[in-house]
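One chain, subunit A, appears in both complexes that follow, with subunit B as partner in the first and subunit C in the second.
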Partner chain A sequence: MTAPGEQEPQSAQLVRPYVITNGRGLPENDQFNLITLVTASEQRPPSQLDPEKRSLLELCAGGYLSVAEIAGHMGLPIGIVKVLLSDLSSDGYLITRAPAPPAQLVDVSLLQEVLDGLQARFG
Partner chain B sequence: MTQYLQDPAFWALIAGTPLAATAIVRGRKARANLRQEKAELEKRAADLDNNYAEAVQEAHNRAEEATKSALKSAMRTLQGLANEQQLAISKTQDKYGEHQLLQDLLEIDHMNSQFGRRAQSIAVLCDGWLGRQRAVASVYDVVRSAKGRIRHYTRVEIRSQSNFALVSRAVEPVALALAELLDNATSYSAPDSPIDITIRTVPKGVCVIIDDAGVGMNEEEKNRADKLLSATHATGVTGLGNPPQFGFAVIGVLAARYGFTVSVDSASPYGGVRAVVLLPEDLLTNMPEPEEQPTNHVPAEAEQSQPGGSAMTGAAVSGSTVSGATAGGLPKRRRKGSISIVPRADSTSAPARTSEESASIMGAFQRGTQSGRSANPNREGHDPQ
Partner chain C sequence: MGSRPVSDDDVYLNEAVQVAAKILVVGHFAVGKTTFIGTMSEIPPLRTEERMTQAGAHVDDLMGTRGKTTTTVAMDFGRLTLSERLVLYLFGTPGQERFVQVWEDMTRGALGALILVDPERIKESFPVIDLVEHYGLPYAISVNHFDGTPTRPDAELREALDLLPETPIVTCDARDEKSSANALMALVRYLQERTR
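Entry: the complex of A and B
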């Protein structure tokens, strides 16, 4: 509690997240996860776009960005960012790319050979 | 003559005359006194009559003041709690942003916003304090903020944007006034009918027009609304009626205090009420320079990575770095730097150091290795000397 007359230390965002998505929570078909990569498509967005969507498009116009990074930069909960992303991608302003597959496990014997080689040379 | 002298009546007359004279004089005096007293009494009665009205008014005012100050401090507590809760909800939303819980958190957030708005409205009627410091915000964001403070906010559609912003002191009052108008609009129209908001630039400032498809207002209601909305008629807490109707009273107080005008006397094209809020020029300002990265960690880094980004998507960047206005009249944001995860070709080169810096780094390195060698003389297998 703040004492009377004292100013609030900080205030929350003016536009609350539920207003940004107009009450929608996480999308049903969750096509985005934290490491899905997205970038802006060639299609020019209309001028009457929500400020959040516009800044999102501007954010990833320069190359591929992951969903987690976008959420971090926008300062919004990830679920909200996903709603915006799914809107934008269904309207064709965004291109998504599946995350890079995890690297194959390297053969242990190869690692052993490298280790042996290094030890033979420097050990 | 002597016969008269012997007549007792004569003596009685002689003795009686001064007495009578005295009595008459006394009587006159008494009457004069009485008259004066009567006049005084009359005057006092008149005074009392006059004072009565004043006294009642004064008692009324005193009661109003007492109610106001009690409510004001109660509302201040509630407002503080609502703000605190909002911050807590924000944090939880960020934490569980990916969880199914988010949906519930959004609903709790919505309820908390409504709760905060109610407390603010009552505080406004008690000459209280709105309780939040806001930065300059675009009219569109203020309208959206207002939209979020009412129950049926999903029915509200904002049809246009504006390239004007509100000065920081007007953000919260205008948002609250708009929220009260929207609350009226949603309460007095069918549950599924839309509420349209249009933002229009006019010579005197910016108009926010709220159209509902409700039942409209009759003449009596319009008069009451006009009276409450005009600055001349200040309603206290006690004059709100039963059940109390806050809306117009709150809007009227806010409009008078911050200098915008609200009218509800026209009909909307959908048959309901059209409310027009005119924001004068002195409450308006230009759009703040858009903040590209709300987190704003290291601006220098973003600047540095720009060439790589622009090499990647030359077309997109050349479009977005041009400041100015779009075809729709909206200000175009200038992108300060793209935050691409794709590294640029020459980004491996270390940042250049001055010779002093390199010298001091090398010196530190040398001192470090020396102290390391001398610190542990008995470390296994190593003899320092």
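Entry: the complex of A and C
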């Protein structure tokens, strides 16, 4: 099936994203997974915050979102968003909820919960 | 890209959600991944684009001097709140084996993968299946079936795809919510069996 909207990646439209992170790559401890849930803390950010960090905090102020959703809404690559999140988190502006453990450690109850949820919604 | 529906209440997760889980929806180009994710997601599906720098693909280039190229890899995803405390994310990306970074990010912590297969283009599924196996993710095969596609016996498909006897094969119409949900449930039941 040819899905509308599904197309091969063609060109990079981003404006040099690493400028935003001052050329830094990912921090050593990769505390943010694609599905780490993030929201803004009560702590008020300083007025001279970078524009990208500011808009990220504004987005997060509305409630919990996953790292992937934040990247999607902001139109930024995941890697860049992780760097911004890492900075904001170490400065105390964010609260996170960790994702489910990896497949090898998943307990049967989580799978049952997923199945029950799907059944309740679509069964 | 770049939209900021910040004012929309449905954008955010339920305050009580504690646990996030992830399932991959993968397959070759144009097999229906985006359709599947769009059918199942409670939010308008989102897309991120990652810029990848990689060594030239043609390793047999006699010149041996092929420079690095930059490519954009798109990742589509959707969200499904399954209970007060649990949210499920569905992630899809084209099966391009060279984009290791994207695959590592996607597979880390994933419960499993649903591999969408077009019965008319079996061979195109091989690289994706190899990738999923490489990252050690358990998977189920979902044969994307829609009007006019001839059905193939499961045994034939199993042999063509070189599947284990226990790997589930389900038929699904990615445009149909119930049918797509059934495919996901078949995968989750299989994951349950494996943990017993």
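In this section, the second predicted complex is superposed on the first by the 84 of 123 C-alpha atoms of A that agree within 3 Å, B and C clash if a C-alpha of one lies under 4 Å from a C-alpha of the other, contacts with A are read in each partner's own complex, and residues count from 1 in each chain.
By our rule, a contact is a pair of C-beta atoms (placed from the backbone, for glycine too) under 8 Å apart; a residue touches a chain by one contact, two chains touch by 3 or more.
Predicted, not measured: the structure shown is a model, and the values here were computed from it.
When the two complexes are overlaid on their common chain A, residue A:Leu65 makes contact with subunit B and with subunit C alike.
In the superposition on chain A, contact of A:Pro51 is made with subunit B only, not with subunit C.
Once the two complexes are overlaid on the shared chain, A:Phe122 sits against subunit C while remaining clear of subunit B.
Look at A:Ile35: by the touch rule set out above, it reaches subunit C but stays clear of subunit B.
Residue contacts after overlaying the shared chain place A:Arg97 against subunit C, while subunit B stays out of touching range.
Once the two complexes are laid over each other on the shared chain, residue contacts for A:Pro77 go to subunit B and to subunit C alike. In the superposition on chain A, contact is made by A:Gln112 with subunit C only, not with subunit B. Where the contact sets of subunit A with subunit B and with subunit C meet, they give residues 1-2, 4, 8, 10-14, 17, 34, 37, 55, 58-59, 62-66, 69, 71-79. Subunit A contributes residues 1-6, 8-14, 17, 33-37, 55, 58-59, 62-66, 68-69, 71-79, 97, 99-103, 106-108, 110-123 to its touches with subunit C in the complex. For subunit B in complex with subunit A, the residues that touch the partner chain are 73, 76-77, 80-81, 83-84, 86-87, 89-90, 93-94, 96-100, 102-103, 106-107, 109-110, 113, 131-134, 137-138, 140-142, 144-145, 147-148, 153-154, 160-161, 171, 175, 290, 292-295, 308-310, 312-313, 315-317, 320, 326-330, 333, 335, 337-342. Listed in rising order, the residues of subunit A touching subunit B in the complex are 1-2, 4, 7-8, 10-23, 25-26, 34, 37, 39-40, 42, 46-48, 51, 54-55, 58-59, 61-66, 69, 71-82. The touching residues of subunit C, counted against subunit A in their complex, run 1-6, 11-13, 15, 17-22, 29-35, 38, 43, 46-51, 70-77, 79-80, 82-83, 86-89, 91, 94, 105-106, 108-112, 118, 136-138, 144, 146, 174-175, 177-178, 181-182, 184-185, 188-189, 191-192, 195-196.
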